[in-house]
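The two complexes that follow have subunit A in common; it is paired with subunit B in the first and with subunit C in the second.
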Partner chain A sequence: MTSTNPTLDLAGGASAPPAGPRPARRSSARAAQTRRKWYEIIGLSTPAVIVYVMFVLVPMGFAFYYSLFRWRGVGPPTDYVGFDNYVLAFQDPIFIDALRNNAIIVFGSLLIQGPIALGVALLLNRNFRGRALFRLLAFVPYVLAEVTVGIMWKLLLSDAGTVNAMLESVGLGSLVQAWLADLDVVIWTMLAVLTWKYVGFAIILLLAGLSNVPQELNEAAAIDGASWWQIQRHVTLPLLGPTIRIWMFLSMIGSLQVFDVIWVTSVPAVRSLGASATMATYMVDNGFFARLWSYGNAVAVILFAISFVAAVLFQRFLLRRDIEGAITRRAN
Partner chain B sequence: MAANAVLSPTAKRRPVSWGNPLTYALALAVAAVSIAPVVYVIIGGFRTTPQIVADPAGLPDPWVWDNYARVLTQSDFWRQVFNSAVVSLGTTIGVVVLGVCAAFVLARYTFRGREVLYTFFTLGLLFPAGAAILPLYLMLRDLNLINSYYAVILPQVAFALPLTIVILRPFLTAIPRELEDAAAIDGTGRLGFLWRILLPLSRPALVTVGILAFVTSWNAFLLPLLVLGDASLHTLPLGVQNFSSQYTSDTAGILAFTSLAMLPALIFFTFAEKQIVGGLQGAVKG
Partner chain C sequence: MAIKRRATTFLALSMTTALLVAGCGGGGESEAPAESELYKNPVTLTWWHNASQDGPGKEYWAKVAKDFNALHPTVTIEVEGIETNQLQRTRLPAALLSNDPPDIFQAWGGGEIREQVEADYLKDITDQVKDEVANIGSAVEIWQVDGKQYGLPYRMGIEGIWYNKDLFQQAGITAPPATFDELNDAVTKLKAINVIPIAVGAGDKWPAAHWWYNFALRACSVDTLRKASLENNFDDQCFVKAGQDLKAFIDTEPFQPNFIATPGQNDPTSANGLLANGKAAMELMGDWNKGTLDTVTEDQEALNKFIGWFPVPAITGSAGDPKAALGGGDGFACAKNAPAECVEFLKYIVSPEVQKGYAETGTGLPVAKGAEDGVKDPALKSILEATTSATYVQLWLDTAFGSTVGNAMNDAIVAIFAGNGTPEQVVEAMKAAARK
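This part shows the complex of A and B:
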């Protein structure tokens, strides 16, 4: 299997000599042991901490720093402008459009993917022949690269593309749209493509959660005369609560930073008019391709701040119980 | 609980039966929606562009292999596959090695500040990794790493660490303390315990985080788009995007290229699906 690689490669990471038998001596031996423990703790965790700090935390700090200047990206920034870049962003109607589009994608994804994923997961959790194959097929969109998905739908949804041709041929010609060019339609097209792409992730998580629901509970309910629907509603669903909330959380964070599918599927001209822009595409368009570095960094900080506040609120009000139980439970 | 997945064979086999017709009808509908567009793209690659223009929804008539042959014989495709493989393998190795070491400390050592360290890593789950992409680019530029594999690998390792640690820690914690004590009595230190006992026992979790890191890296677009300007370093997603914008009128060619780009991920996932779902089980409620 392909999967043996990661295990084998661990050799490099853990080749330190094993500790010898511990001398049963008093305080000096104990101190040596404590010291050795700390060496191990520091030695093992430092590489991860360094990489994580350097490539995740430090850039975020720099983003804030750069955003306070007017700066072309070369040499040290000197032209301090305070929060002007932030003011500019909120005065740009295109950025406001991007915010609105992100909101549509966040709530649209939750409201549409949630029920669909729940239904499909319950369906694929039933015991029937061929279940494994159907599961595999349902996950296909999620596995594909965002870029290939984007290009695929771009071709299918073009004006003379397959979707319109099929609508014509089944007599639904009135539904034919400029899916990717109509400024009022394009964001909903994007939402549909994103739903197709990511609903599989919700299904995977929910199936994993479902397999944790003890079979005995369902059997007990069945013996008591509960129907399949009643079991799902009153036994399975409540037990699935934590999984659903974790999915909602991950979906929300993902929707706030969505970039790839939008970037590839929608035409740059449509994006630059704001019709399909998101905060992330707006940031890359302006910050990277238009070389407005400090402005782009201000947008990055806004994107980060919104995600962070949303995440903290979500944790505070919805995830707290799950986190206490699952993620931050003390070891031993 | 995560422990189940590692230690006890939970497989209590229920009899598998043919479900009712409604189950199958719904399952078929789900499958159709999921793969119809993909099948369309693959089959479309066997048509010519004039065929596609004349009837976008038709079948190949006649079937042509030329599009696929063209993509496979042009050197760009294979070079991009190679670049993607290097970047993804590098990322996977980095994530698993660093992740295991950190998760081991967080799972099997008791020390002051342990939960602070863990929270510090989990904060990364709140970070939209993409948000810091501009300053990241500037930093990599100042480090002279732009247009190198490292410019993609190092940040991707960092992005993947939080999830890796969140998944691995409960697995490593769930291994019974008695095993560690037994190892200590036999004269094995904690590192020996990690290497000889913990790692073999947590193989399913390692494979899961490895697969997740590999697939994420294989599919990544934004970071390579910014830091790999040099076309000879382009990964597959960049290649697909470039091909489609370079040869806009060659619809059949784009379909063939896109199909071939999908193939590795599809094959890989077919083999790894059980591992991913099994591994997430621990993360979801572990």
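This part shows the complex of A and C:
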């Protein structure tokens, strides 16, 4: 959804009338050119628009339509109940737990991954032997499939698993936990696994952003007598702003919709008690496993609404500077 | 709403017509032909079953399809094995909603088949399968709705306690417990020799919930259970009693630590793995358990030697029938518009010869009389005997009550296991789910 806004703006910008009066004799040629441009736009975008409407907008419409019924996916929906399913969701303490867990993951990811990624990216941006290897290693967890990561951590974190054994062997036996069974601990375990999995993505994004920071600025600052720390703080970091904000945006949306790592790492019982449920796992548990199809659709719509509002607010207030000029307004 | 429904019907009709015109409809779309027309025209049956993993189960169904084709060359069968959860929760409901469901597919009976019949998805096969019904016996009731037959089982068994004979001997337990008092004694003795008395895969929810089902079976009369299945009526106090008994039992700490995150089967850290590798002495499980224990054991020979089975103990002085048991099965049903050959194939699957071959695969207990010889494993043999001698077999409660009530019930039972739920909340959750 979010990615379409710039596109729409782009189209709007492209269709803006040319500024200033034109000589009359050129107007018909001009009109023909405009028309041809429109044919091109329509001709080239139609296939994509059809696919988008068929596979994004229409299913979304159906999800909303089904969410207004009491329907278990057997026969056509006939029992219209209005917004009852939405009310039920917000009355279910487990759904409230899921919302809280999503909030923990959204803010936890930003607060933990951000500083780590920034630090590692600044380090990896310096020249040293084996830099390519370290960059690769930082990125490996992100490339692994979610299910692989989930199963791996499930085994590592089990009661008699590697993590507890390692803690014991280095004399930290007091830190041994039932990482996946203790209902108060499990969401933080999930956050740790998600951090491990996705911090590499933040690092790569920031490294790409760092490579766009002109070397001249650093040199100029160095000539003016700035230390390495001062250069990072007052030159690099501000120029890295757009990249950091884009990463925050992607991380936030990903955290709101997180499903697979939690689904695989955390067992059904712990999810259904609310300890590790997220909106997405709650949706699948209820929609498919409890066969409450219309209720599951209502949860999907709520998840979409929350993500959409968060995305719009983020774009409106934080991404505005970055998008402006580059995308929304025509460059002079 | 009427207009909308008519529009949908019209759409469905026109789509079907379009398919027929395009020649994609196949022979399956026509009305059921008379008996004499059977096997006259070539037909293709699509068959969805849940033996998705490579192994004896999947191989056997492939052989059955091939054998049937050899007997009746006009019938070609396209077999697809789909993992149970995927099949039951997404693939099958979606296919049944469309105009092109598989012809013959896995049917679990109980509340689910009732919903499918109400939506007019299934073929009424009552008249064609009278002989098979007579040969299978009372197990077929699970695939009946209002006295009519809509599917037939090929596997059926009751659950009980799988146990380690060696550990029982070491702990000085001379005979398998017949009452819960004796079971509690056994738990104490097993703790004394430092083994986990009972493994439970509460992480997967249903293995934990089955303990509550058994307490309900002991606390509730057969009539109350029947009424609960048919009307979703859970007013009887026995359902609260089941939770209280369960809570008292959990308080004796018979299970492994952190059981709330232990998976049920399929990996060495699961409850299955604990029993299969001699770390736990007992596990409550269905008749399929031998096959799943085999996949997680480190020492197959030792497992074969020590594994035994006994029925769930009775509770002295309770309202329920002590000879009643919980059980369940697997069956197949034919889609409403499937060709008549589908029913013939279904009859073939439950015929004694095919059933005997199925029993020999060791993946489950057969239902047809005349297939008993195929059961070789001693533990399975004792289940077969117990199944035959049970006075009443109650279908797994989550299947009997339907997925919605079943899921809410299991969640609330798991909360008791986790220590933050009450017996009353289980009944409340079931009633609330029935209204959803």
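To be clear about the criterion, the second predicted complex is superposed on the first by the 280 of 332 C-alpha atoms of A that agree within 3 Å, B and C clash if a C-alpha of one lies under 4 Å from a C-alpha of the other, contacts with A are read in each partner's own complex, and residues count from 1 in each chain.
FYI, contacts are C-beta pairs under 8 Å (C-beta built on N, C-alpha and C of every residue); 3 or more make two chains touch, one makes a residue touch a chain.
What you see is a predicted model; the values in this text were computed from it and never measured.
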> When both complexes are superposed, which of subunit B and subunit C contacts more residues belonging to subunit A?
Replying inline: B
>> So in the superposed three-chain picture, is A:R70 touching just subunit B, just subunit C, both, or none of them (first/second/both/neither)?
In response: second
>> Contacts for A:R291 in the overlay, against subunit B (first) and subunit C (second): which applies, first, second, both or neither?
In response: second
> What is the contact status of A:L155 with respect to subunit B (first) and subunit C (second): first, second, both, or neither?
Replying inline: both
>> According to the stated criteria, A:A138 is in contact with first (subunit B), second (subunit C), both, or neither; which is it?
In response: first
>> Which partner chains sit in contact with A:V264 here, subunit B, subunit C, both or neither? Use first/second/both/neither.
In response: first
>> Taking the superposition on A as described, I'd like to know which of subunit B and subunit C A:L205 touches: first, second, both or neither.
In response: first
>> So in the superposed three-chain picture, is A:P59 touching just subunit B, just subunit C, both, or none of them (first/second/both/neither)?
In response: first
> Given the touch rule stated above, what does A:W38 touch, subunit B (first), subunit C (second), both, or neither?
Replying inline: first
> After lining up the shared chain so the two structures overlap, which partner does A:E146 touch, if you call subunit B first and subunit C second: first, second, both or neither?
Replying inline: first
> Shared contact residues on subunit A for subunit B and subunit C?
Replying inline: 73, 155, 160, 288, 293
>> Quick check on the complex: what are the subunit A residues that touch subunit C?
In response: 70, 72-76, 78, 80, 88, 155, 158-160, 178, 180-183, 267-270, 272-273, 285-286, 288-293, 295
> What residues on subunit C touch subunit A, complex-wise?
Replying inline: 1, 5, 8, 85, 89-90, 93-94, 96-97, 115-116, 118-121, 202-205, 208, 257-258, 260-263, 269, 402-404, 407-408, 410-411, 414-415, 417-418, 420, 433, 436
> Given the complex with subunit B, which residues does subunit A contribute to the contact?
Replying inline: 1-3, 5-7, 9-10, 12-22, 37-38, 40-41, 44-45, 47-49, 51-52, 54-56, 58-60, 62-63, 66, 73, 120, 123-124, 126-131, 134-141, 143-148, 151-156, 160-162, 164-166, 169, 196, 200, 204-205, 207-209, 211-212, 215, 242-243, 246, 253, 256-257, 259-260, 263-264, 280, 283-284, 287-288, 293, 296-297, 300-301, 303-304, 307-308, 311-312, 326-328, 330-332
